[in-house]
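Should a chain be cited, it is by its letter among A, B, C and D, assigned in written order, with residues numbered from 1 in that chain.
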Amino acid sequence: MIKVLLFAELEEKAGQREIEYDMEEVSVKELRNKVQEDFPNITGMERAMAALNEEYAGEDTPVHKDDLLAFIPPVSGG
Amino acid sequence: MIKVLLFAELEEKAGQREIEYDMEEVSVKELRNKVQEDFPNITGMERAMAALNEEYAGEDTPVHKDDLLAFIPPVSGG
Amino acid sequence: MAKGIETMSENNFKVTYEPLNVEETIKKVADRNAGAINTFIGTVREMTNEKKTLKLTYDAYVPMAEKKLAQIGREIAADIPEAKIAITHRIGELEISDLAVVIAVSTPHRADAFEGSRYAIERIKEIVPIWKKEHWQDGEMWIGDQLETTSYPEGKPLYKEATEDD
Amino acid sequence: MAKGIETMSENNFKVTYEPLNVEETIKKVADRNAGAINTFIGTVREMTNEKKTLKLTYDAYVPMAEKKLAQIGREIAADIPEAKIAITHRIGELEISDLAVVIAVSTPHRADAFEGSRYAIERIKEIVPIWKKEHWQDGEMWIGDQLETTSYPEGKPLYKEATEDD
């Protein structure tokens, strides 16, 4: 399983923080599109940064089984 | 009486913090010279700022009976 | 010269639901050769322009947020090897005047303490996965979402002056 | 807009023989519309270049020093009307790591808090009649006295970058 995490507005629109996909390998970009397809009412996916296993990752980074991919909307801490 | 205050190294060299002079009117500059005369081992009088009644004052400012004149060596707080 | 880094444990970079204690964060940066400690505290402000905030909710991707806070500490120590840094960020529901973040930076000389502390708060607003939801009388919104202009460069966002309304 | 000035009592600017408490100074600048508090803490550093400090003695012309601290508060509030400022300076005998001064500045936005706090510490080193005596293994000296270059303009010394070894 690949676990996907959504936060802040993404989580609120999706109605859940975690999604699991039964995939072997997929790119960040493909997962981003998949989430948007599965949750069409999510807004702001295109502005969210991706983090693979808690480190920021580019769009073409491959994501494997057992990886954790988080979509990080623009942050506003501090 | 005019009360004169000395601090830090001035006080240490003079051996006292307070001096009283029985004068009616005198300038800051004259008092500065008087202190140096009375305590010839004081060093650094020429670098000390004068404060009349707790406010910085120039050399020609007149000092009157009952005034408080302090000589403030370069400060080093903080 | 890596002393600062050695003595900064993971414990110096925390995300917590508990109310923040300034002294506790300051204690983490105590050092016999510190002559200066700069502390930056972010608090919940009631008025932003004409809008009145009732309360805030902070959420975080906690393990990654703590890693990124520690990374900020390492970035500062790379510039100022003698610096010791501690950052604690609160999440959950915060009332007006509550402390949201406490940053403490100790250094031998004061200019470095100011600089490190300022760098830390600007970097937090760039790379640390923590989000603020504003609750106003007439609605609520996850902040950041409204900033259509915000975008991230790949991997490591660069230091820049953030907007002052954050 | 003079709110900051009104709410800053004389009590915000103190010279004391008691150990300093950071939280106490911070409490004095609490404000519902503060989004940022910057705190600068000056501590007794053991090593300055190759010289080892054993302890420090601070002395002050107390009533004038408190007046000058309050003046610094007014100078900051003249620039940043919403700022609240508190400064406490300790005098007497201080050990390594003891707090010598605590400055707290609260403002709605963070850049002003940093600026106010930095201004305060630089101004303290210029106009506040407080003196530090260093005690080393091989002697002692009132600091300031050794700075042959230090001189005061008439009345109101101007803001300038002080040397970083202070």
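Following the convention adopted for this analysis, a contact is a pair of C-beta atoms (placed from the backbone, for glycine too) under 8 Å apart; a residue touches a chain by one contact, two chains touch by 3 or more.
Predicted model only: the values in this text are computed from it and were never measured.
Centroid distances from subunit D, each centroid being the mean of CA atoms, peak for A.
In whole angstrom, the spacing between the mean C-alpha positions of subunit A and subunit D is 49.
Averaged Cα coordinates give subunit B a centre that lies 24 Å from the centre of subunit D.
Between the CA-based centres of subunit A and subunit B the separation comes to 73 Å, rounded to the whole angstrom. Touching of two or more other chains is recorded for residues 42, 121 of subunit C. The multi-chain contact residues of subunit B, meaning those touching 2 or more other chains, do not exist; every residue touches at most one other chain.
Working note: touching chain pairs come out as A-C, B-D, C-D. Remark: subunit D residues 22-23, 26, 30-48, 96-97, 106, 108-111, 113-114, 117-118, 121, 164-165 touch subunit C in the complex. Subunit D makes touch with subunit B in their complex at residues 42, 58-61, 63-65, 67, 89, 100-101, 121, 124-133, 142-145, 147-148, 150-152, 154-156, 166. Those residues of subunit A lying in contact with subunit C across their complex are 5, 7-9, 12, 43-44, 47, 49, 51, 54-58, 70, 72-78.
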